[in-house]
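These notes open a run of structures that come right after.
Two complexes follow with chain A in common, the first pairing it with chain B and the second with chain C.
Up next is the complex of A and B:
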């Protein structure tokens, strides 16, 4: 298992941009295909947005840690925050069918993460939420596969 | 994130540049609100330079569309990249937003829909759905009507009587489905009433004489008075409102007829304002698996089930219906005439009962009735939108295999569909009854 990126983020939505630059850099270094990179970016944004928007009941500054590890061609991303306990796997599936008048958007972000990642696990540990996303990486063909 | 907008022909065209994520969507959402407040409610959003969209972006697009829909407007998307399209698809938003290839096509679509005059440009509109692609081309804006002859109930309970048989000159009919027979003398054909369809003016009929061999009749001499006798029949009265080219996502396997109609129902909602949840379809398609059913004996009073239940009742179904799964002809071409109703959104009216027997507590989302004339695989000649030409070509040059009442799980690979947004269902008055 090889550590390939890590970052400390503040609980502000602006941080999404810094995060996406980090992921893009990781993609460049490892020749990840653009669709896979999009999906990783999206999953991380959805999770971080949830934490930043709903995770903290105080108005104080908090830190969120993300860390990527590579094992063969699986990327494991750990996201850790000290917000209120929230297991994203526990929320119900969103409405994907009803018409425009009745359509609701709640739960869509988590649905996207579940669809785009190969595995998600959640743990509440030492008053912290620890979420691990696993993504099978695709790399551009002509370059060296990830070890 | 940058946003630009211009107004063309009264439509607000917005270009988004950059990432529409949870950070930028707040600002863009406020911009959308200001457009609505200043009186815009018809939008085209150009995604050419949008390289990233997340659920936060979808949320503000949905809010915009909700506001516009209330004002009779719309939000149409163009130049959507494959990654963004995939996110919209996974999120279930391809049936909320119409997606167009470019701004010009999206712009035109605003005027085609609202303009009752015939539009002579050959603009096609492409929809990518989870089952495949649909390309629509408008043909005419006539009010599509269906005429129903006879009683659905007479057929379902096998209660057809000689004096409720109607005869109709063939040269008046082009696309129909139901039950009936050909022949001169009522005594001869009455007992042979079976599944019948007319496609492109050609009659295809399976007599219930026990042989299960279909008749296939091309009227050569148009002046000849050939009559079709029927106890229950659905007649499509118009040529097509739109022609649709369909191609399944997996062309080797195809997708079920059920899913094709489901997508057509969803897409139709965005195409005309008078959509009533009922479609008629004439298809010239390449099919995969064929699941068919056919009646074994004439649904006439003499044969009525002893238990007075429908012929499809579990105690009767074996005696009455032949279920056929055709694995031999995996690669065939079919001419289909059908009608479908979207039970989630149809406009309730007693006229529906003329066509479908709707069980109030049934859980189905749609009801379909399709008949298919099946041919050995026959390639399309022009890959065009000329459905009637292509149908004639199959009829005149294809190798006919048989006819089936198609079950919804039969699969379709690709082809042309002539679609009508049915506005009226009328019962045909007895014009030429052969009351004996």
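Up next is the complex of A and C:
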């Protein structure tokens, strides 16, 4: 399995943009389609926003570690933080059917991540949250122009 | 930068966005829009979000859309010039059935 990127982020929302630039660079290097890149960036935005906004009960600085590994066209992104235990897979699916008056405002972020990724796994290890997102990559070279 | 264009005759507020609408930018946008509609008559007010210059939205921005759509009468909230990937994201969130997204 090839390690293709890694980054240490501070627990500040501004850091998400830095992560997004790294993903875009990875996409350029591997000819990933813009749609696939968008989906990866969106999933990371949602996960990191949750960790940074709700993961830390103190006001101290924390680090979040991100690593991307590529194997057989599957990108595995490992996200590790030392915040409070939080398993995104335990979150109840939001109600997507109710009308606008009854629609709840929260819960959409995790739903987007679950829908856009092929697989998600979570474990709590050594007082840390370890989340692994798996995304099947589509490359621009795979696209056959229509004649 | 978020810009506003208000048509008094139609009681319609057009909001144009020109940046990534994520967890960083969306809370400020929400405050600015709330401040703007505070002085307007909510009765028959319509709000249009123009996303022509927006390439990325997260659930933080969708929450704003739900919030303002809830405040208004049915069909009085509209999103226009939406890029395909953003439309797809609204569809996954089940919002395409609740608001007019063009």
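Quick notes
As a working rule, the second predicted complex is superposed on the first by the 141 of 147 C-alpha atoms of A that agree within 3 Å, B and C clash if a C-alpha of one lies under 4 Å from a C-alpha of the other, contacts with A are read in each partner's own complex, and residues count from 1 in each chain.
One rule holds in what follows: contacts are C-beta pairs under 8 Å (C-beta built on N, C-alpha and C of every residue); 3 or more make two chains touch, one makes a residue touch a chain.
Everything numeric here is computed off the predicted structure, so don't read it as measured data.
Once the two complexes are laid over each other on the shared chain, residue contacts for A:84 go to neither chain B nor chain C. Within the superposed three-chain model, A:136 lies out of touch with both chain B and chain C [touch as defined at top]. Shared-chain residue A:41: touches chain B and chain C both.
When both complexes are overlaid on chain A, the residue A:123 reaches neither chain B nor chain C.
On chain A, the surface patch touched by chain B in one complex and by chain C in the other comprises residues 13-14, 16-17, 34-35, 38, 41-42, 45-46, 49, 53, 94, 96-97, 99-101, 103, 105, 108-109, 111-112, 115-116. Listing the residues of chain A that touch chain C in their complex gives 13-14, 16-17, 34-35, 38, 41-42, 45-46, 49, 53, 94, 96-97, 99-101, 103, 105-106, 108-109, 111-112, 115-116. The touching residues of chain C, when paired with chain A in their complex, are 20, 22-24, 56, 58-60, 62-63, 66-67, 69-70, 74, 85, 89, 92-94, 98-99. On the chain B side of its complex with chain A, the touching residues are 19, 21-23, 26, 52, 54-56, 58-59, 62, 65-66, 69, 82-83, 86-87, 90-92, 95-96, 269, 345.
Within the complex formed with chain B, the residues of chain A that make contact are 13-14, 16-17, 20, 34-35, 38, 41-42, 45-46, 49, 52-53, 94-97, 99-101, 103, 105, 108-109, 111-112, 115-116.
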